[in-house]
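I've put the structures underneath this note.
The two complexes that follow have subunit A in common; it is paired with subunit B in the first and with subunit C in the second.
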Partner chain A sequence: MSYTSETAEQVSSIAGDKYKYGFVTDIETEMAPKGLNEDIVRFISAKKNEPEWMLQWRLRAYERWLGMDEPVWAKVDYPEIDFQDAYYYSAPKSMEDGPQSLDEVDPELLRTYEKLGIPLHEQAMLAGVAVDAVFDSVSVATTFRKELAKAGVIFCPISEAVQEHPELVQKYMGSVVPYSDNYYATLNSAVFTDGSFVYIPKGVRCPMELSTYFRINQANTGQFERTLIIADEGSYVSYLEGCTAPQRDEHQLHAAVVELVLMDDAEIKYSTVQNWYPGDENGKGGIYNFVTKRAACRGRNSKVSWTQVETGSAVTWKYPSCILQGDNSVGEFYSVAITNNLQQADTGTKMIHIGENTSSTIIAKGISAGRSQSTYRGLVRMQPGAKGGRNYTQCDSLLIGDKCGAHTVPYIENRNRTAQIEHEATTAKISEDQLFYCRQRGLSDEEALSMIVNGFCKQVLQELPMEFAVEAQKLVGISLEGSVG
Partner chain B sequence: MGMEAYQAQFADHLPGGGPAWLSDLRQAAATRFSSQGLPDRKVEEWRYTNLKPVQAQLFALDAVSAGAAPPALLESSYRLVFSNGVLQSGANDLPTGVRLAGMAETLSESPGSLAAHMGQINAGQDLPLPALNQALSRDGYILSIDPGVMVERPMEVLFLSDAGTCYPRNLVLAGAGSEATVVEHYLGRGDGEYFVNAVTEIHAALGAKLRRYKIQQDAFGASHVATLAGQLGDDAHFENFDLNLGGQLVRSEIHMALAGQGAEAALNGVYLLRGKQHCDNAIQMDHVVGATNSHQDYRGILDDKAHAVFQGKITVRPDAQGIEGHQLNKTLLLSDDAEIDSKPELEILADDVKCSHGATAGELDETGLFYLRSRGIPEAEARQLLMTAFIAETVAHIGHDDVRAVMERLVGEWMAQ
Partner chain C sequence: MLEIKGLHADVDGTEILKGIDLSIGEGEVHAIMGPNGSGKSTLSYVLSGRDGYNVTAGSITYRGRDLSELNTEERAAEGIFLGFQYPVELPGVSSTTFLKTALNAVRRHRGEEELDAVQFMKRLRVHTKALNISDDMLRRGVNVGFSGGEKKRNEILQMALLEPYFAVLDETDSGLDIDALKVVAEGVNALRGPKRSMLVITHYQRLLDYIVPDYVHVLAHGRIARSGGKELALELEEKGYGEFVAGTEAA
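And then the complex of A and B:
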């Protein structure tokens, strides 16, 4: 095949730089003692100055978690996680007194975000994206808040929402993903440290795109953020999420929970570019990304759209889901999952059709290279009441090289005669003809590969907001470097 | 009654009384089943099917004879008849190079003859139900075709049941370059709540062409579980068709290993269910080596409170390059209480593959119905036409003309009910 030794050399020489977010920021941090016990849960709660109900909720979750087993059904393989060998709270020290404005934020931190390309300085922002940045365990800066407040939009760290909007948090937190939901969501409920909170009032179209950037910096820390977005009647919001972490030799755990609540005629567009450190080519290091994301379409005519580009993490376990409860509600899932080297991804979605005339679309593209394993796992369920329900699912897998694997595990359950479900899946390798065609026109192996794969993913990438789409297209190229064979 | 008491009851009848290899096999299987028990719904492969109702039936005593056999389905077939699991009448005038006989009979004639093949296909055999069959089987059919022999007339094996338990253990050995067609017909009498647990092992050697069809018309009170384990050698072609019409609780499992280059398997089936019937088709298509092809097409129609399950998995092993594997599952729902659960799965560990699966579930196409009605065809008739056409696409895959005609007739009878 066409794998030339030059390509191999070139690739190995840049292997070290491939993950450009692999730097570590030297910053003084305050950490909770290592390990996990009830005191740590109380410590986190106290640090956040939380009301009693929040602490009790955490403790119930912790109690529950102790009696749960780690799920083993996913097609991923990793050594047992020692939950006592990690820090559950880590905060930049200079945050202790709380910055009043961006000027007071540790300049080192700001430089980190600059390196990541996150425009924290409001004046430097042309894109018009409001950003909440979460560093290790705490939210360090939220931009454009005043602007948003004028429209009535609440966009703040969730720890702040617990203080300032307890009625909203108490009403909705855990209403979509209960604290007892699953092993990782329960763990998150006990020890979550921060995350974003968004409330879009009735009839408001959020004037700008909201964005959260997650960064794990400290060694041996787990990151457990929790995001809650409530879209009230007739509102609309587009929310972006990005994540990176330093290059470290040990694995780090990231177990997030995202809850979306949609009332009548509301719409949420949730986009993720997940680029946690994937580990090196021998599978050393990398993030374990065990995430629970779920949207509840409670209102009539509500619509939720999940778009994800998953290129990072050593192990991904993630199934953004839609509960289509309101009549005529719509759920969409667009996903690109790229695995290379020894990465493993088990990802997909669940569409639970409860209301009448609910519809869902699933477009999932999996690309496996190197010695990686990629699995699409999805559920489409039409409940007896889902009269006129409609689902269309397409999952395609592309294999690059003969040492990787691509798997498809869909569950299709229909309990309503009038509901229609269609599912298609294909698996094939990248076509030699296409590669040859591109090379013949002067493209290098890697350019050709990147172009073909981008074409394969186009249906999904075009769903991303523009700034993200550009980043995602570049990521697709970078993630597959060195895999033409 | 427990397993030991059951075994003791039939110790004299068990064909394995003689050869030590068989009693070893039987004992190992009994131990395996006892340690595992019946799978519950926590086992992934059983998440949609509850075997609890079967538990009480496992060791029921066999009844005597299920009565006289009805006429054969196929004219000019070689025919074996089993009554409540025990051979009643054998086949006559078989061509040279072909053996079609009872398992018990074969073992008493030449005790060592089946040692090399029985229970030798690993896939699926260590599971609880085949293990139970191995432990308790008293009879079954043996079909062996010598290399190069082509049998023109089809073979028909009738399993007639009305009570107790039926544990047939069947073995098909298709020699190199041989060609044959065999139909397994499971037929119930009355409303018996009996239990059938059948295992058929298929060994197809180099270039063999084998067609195996199964018609399941067990009584509506019966539970029917069946396992087909096949191993295909180089260039072997295997065609299977499963027609499920009967039974209250039905599970049909197929474990097919495409173990030789150029091997090809087509596994198709139809399920037509009413009342509270439950039918679960579980298929494991294993592309062990490269240059192998597979096709699956399963369709069904569900009325009343019927529940169907389809779990089809295509596995492509590492380095098994040059594979084509396709799978399709389509179900029509006629009632608000019917349910279909479909899980078409792909597990691909090589890259030079073309694999696909598709699944659909829903009601009859309204525009098609409108089209027919607008041309003066009454609604009931139009529905029946569309349903027949829907099923006919799968039945059309059947390579043997006479068998296809029989299947078409049976499907037509179901539609007319």
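And then the complex of A and C:
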């Protein structure tokens, strides 16, 4: 990651430079008042200078949302959210408002950065400290953009795409996750602030891994983020989202939407490391993460692969799904969900097999420690047309201590007699024998735990791009600190 | 090397060791024999500092230090090694990763530089060759799917890598056929040296044909009932433990 985040720093410093020269307008605007109503939706749209169709779409979503109820079926428990007690638009904070030096940053956070091996100047950036742009950064970011442009790849903030590529946005936004999809996705549709837009043209293999890090102007879009990735025929892209370093955010409620569209022979690899603030030991102050992620494999032989490492947030509600419409299309879901202290995660996937000979693989690893609760919830559905459809599901839970819980809730619906579905599930506990064995060889409790858990997650972690994987391994250990001994 | 004086220890409030005195000099190999339930394994856990095994009286001095000051991993790093009777499986953790992590943890404690992958593999190869350990075994999860012989060879491999001063081998012969036993014993003998002491725990005399001890002790009812030279093992083989079991009960 040091490569990616250094570049990120450079990129963000360029963003700063641009601001200085006035290329980026409306950064220093006021906050919208608290609460949610039609005016707020209009305000957000106006701030983004959106065309009428975008505003209308938002308003339809808002209208719909008013008549919806918050879902209660997930195995998560949190105090009722007062949606009128939140801010839905706030301009990115200027650097002067943040901590002025690392001395002002929570030492606990710094300790974690250190363990992850993050260099000092990156720590500052992550903690939101004003960083002096001391790099000759122009070249890197420009090279990066040039390289992508040469390949014809579009990678920009979604707000920019609304302006620059309205035909693509209008055609595909909401085509995978309709604005009426579910409570949180509908809320997102009404008030999303920004996110990424990616278009990979026909036959193009994206020359580099796209990371949210590289996105210009990315500050403070985390709350209601919206991402749309379109992979045209025969194209390939690997997209990285998130960061292993713990990120603080002033907003407690996060509701993102991610839509992936795949044409014939296209492939998208979408990797996430989610490490939002989980709250303190008593679960106070942690982030609620309600995410809707879905991929539509529309073309023949298309393939989508979701890999996620979820270690943060107080509450996680997330089911990256695949609609396998094109014949021979492939969906994969690799997940590690770690919960500690009072964290709760209800996560899994949906594999909807529509086309012939579609296949899906689900490998879900849940690790629960402390007093946390972790649930795998997954749907595998073979539609009548899914001739020769195949699914393999493996759900493994690992318990640390005796106050946590792990739950597996598989939903299997088969409407085609030629389809095959396999489901395997295991639950294990880290035994005192294992820890003692490792300690007798010189490993500390924490090293031992980290090694055992990493072994448990290996199948998933090895699906991550190399540089992400190494850090994710460290993160796995750090997330479980204090859960034994 | 090791001085045990009047050692009493309990597990869950039940006293298992009831006053053990044992002195092991540098380079010496001692064997502890005894009937089931006499406290042999408890002694090995007490020496390695396992949680739940509480010393209630007496002392253990190791290389001039009071062992009670050190926790499990510190003892390991200070050169105390326990060869397990039942080596534990660690699914998904490759043996290579495990060995490297362990060796570097110990080296760090000793103030030595950690080995990188190349240095480590070089060192590992020397030992795996001697112990006839295949690359396939190294790639698999620690002890996962290993045969009895493979598990015990893996224990000896760890001992060879970690270079302890004092090794406790708990029933190393259990679950081994005669060929596997010979390989393991050869591995152990290769590690004998003037600076390394060993405590070989066994139920049967058979192992001591291959790992010949300097001293043999009989543990019964939490005490050392008798000590002698290697010939004591032969005598036990002939007469069994009846005398000690009955003797202590009478006393």
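Keep in mind that, in the parts below, the second predicted complex is superposed on the first by the 384 of 485 C-alpha atoms of A that agree within 3 Å, B and C clash if a C-alpha of one lies under 4 Å from a C-alpha of the other, contacts with A are read in each partner's own complex, and residues count from 1 in each chain.
In this section, contacts are C-beta pairs under 8 Å (C-beta built on N, C-alpha and C of every residue); 3 or more make two chains touch, one makes a residue touch a chain.
Keep in mind that what you see is a predicted model, and the values were worked out from it rather than measured.
Q: Once the structures are superposed on A, label A:Thr347 by its partner contacts, choosing first (subunit B), second (subunit C), both or neither.
A: After superposition on chain A, A:Thr347 lies in contact with neither partner.
Q: Applying the touch criterion given at the start, work out whether A:Thr186 contacts subunit B, subunit C, both or neither, answering first, second, both or neither.
A: The answer is neither, since A:Thr186 touches no partner chain.
Q: Touch check for A:Gln440: first (subunit B), second (subunit C), both, or neither?
A: Second partner only.
Q: Going by the contact rule stated at the top, is it subunit B or subunit C that touches a larger number of residues on subunit A?
A: Ranking subunit B and subunit C by residues of subunit A touched puts B first.
Q: When the two structures are overlaid on chain A, which partner does A:Ala425 contact: first (subunit B), second (subunit C), both, or neither?
A: A:Ala425 contacts subunit B only, not subunit C.
Q: Examine A:Lys458 and indicate which partner it touches, taking first as subunit B and second as subunit C; both and neither are also allowed.
A: second
Q: Of the residues on subunit A, which ones does subunit B touch that subunit C also touches?
A: Shared contact residues on subunit A: none.
Q: Using the touch definition up top, name the residues of subunit B that touch subunit A in the complex.
A: Residues 44, 318-319, 321, 331, 333-363 of subunit B touch subunit A in their complex.
Q: State the interface residues of subunit A toward subunit C in the complex, per the touch definition above.
A: Going by the criterion above, the answer is residues 431-434, 436-444, 447, 451-452, 454-459.
Q: Spell out the part of subunit C that touches subunit A in their complex, as residue ranges.
A: That would be residues 48, 50-51, 71-73, 76-77, 81-82, 84, 87-94, 97-98, 101-103, 105-106, 109, 141, 158, 162 of subunit C.
Q: Hey, which residues of subunit A end up touching subunit B in the complex?
A: So the residues of subunit A touching subunit B come out as 73, 384, 397, 399-429.
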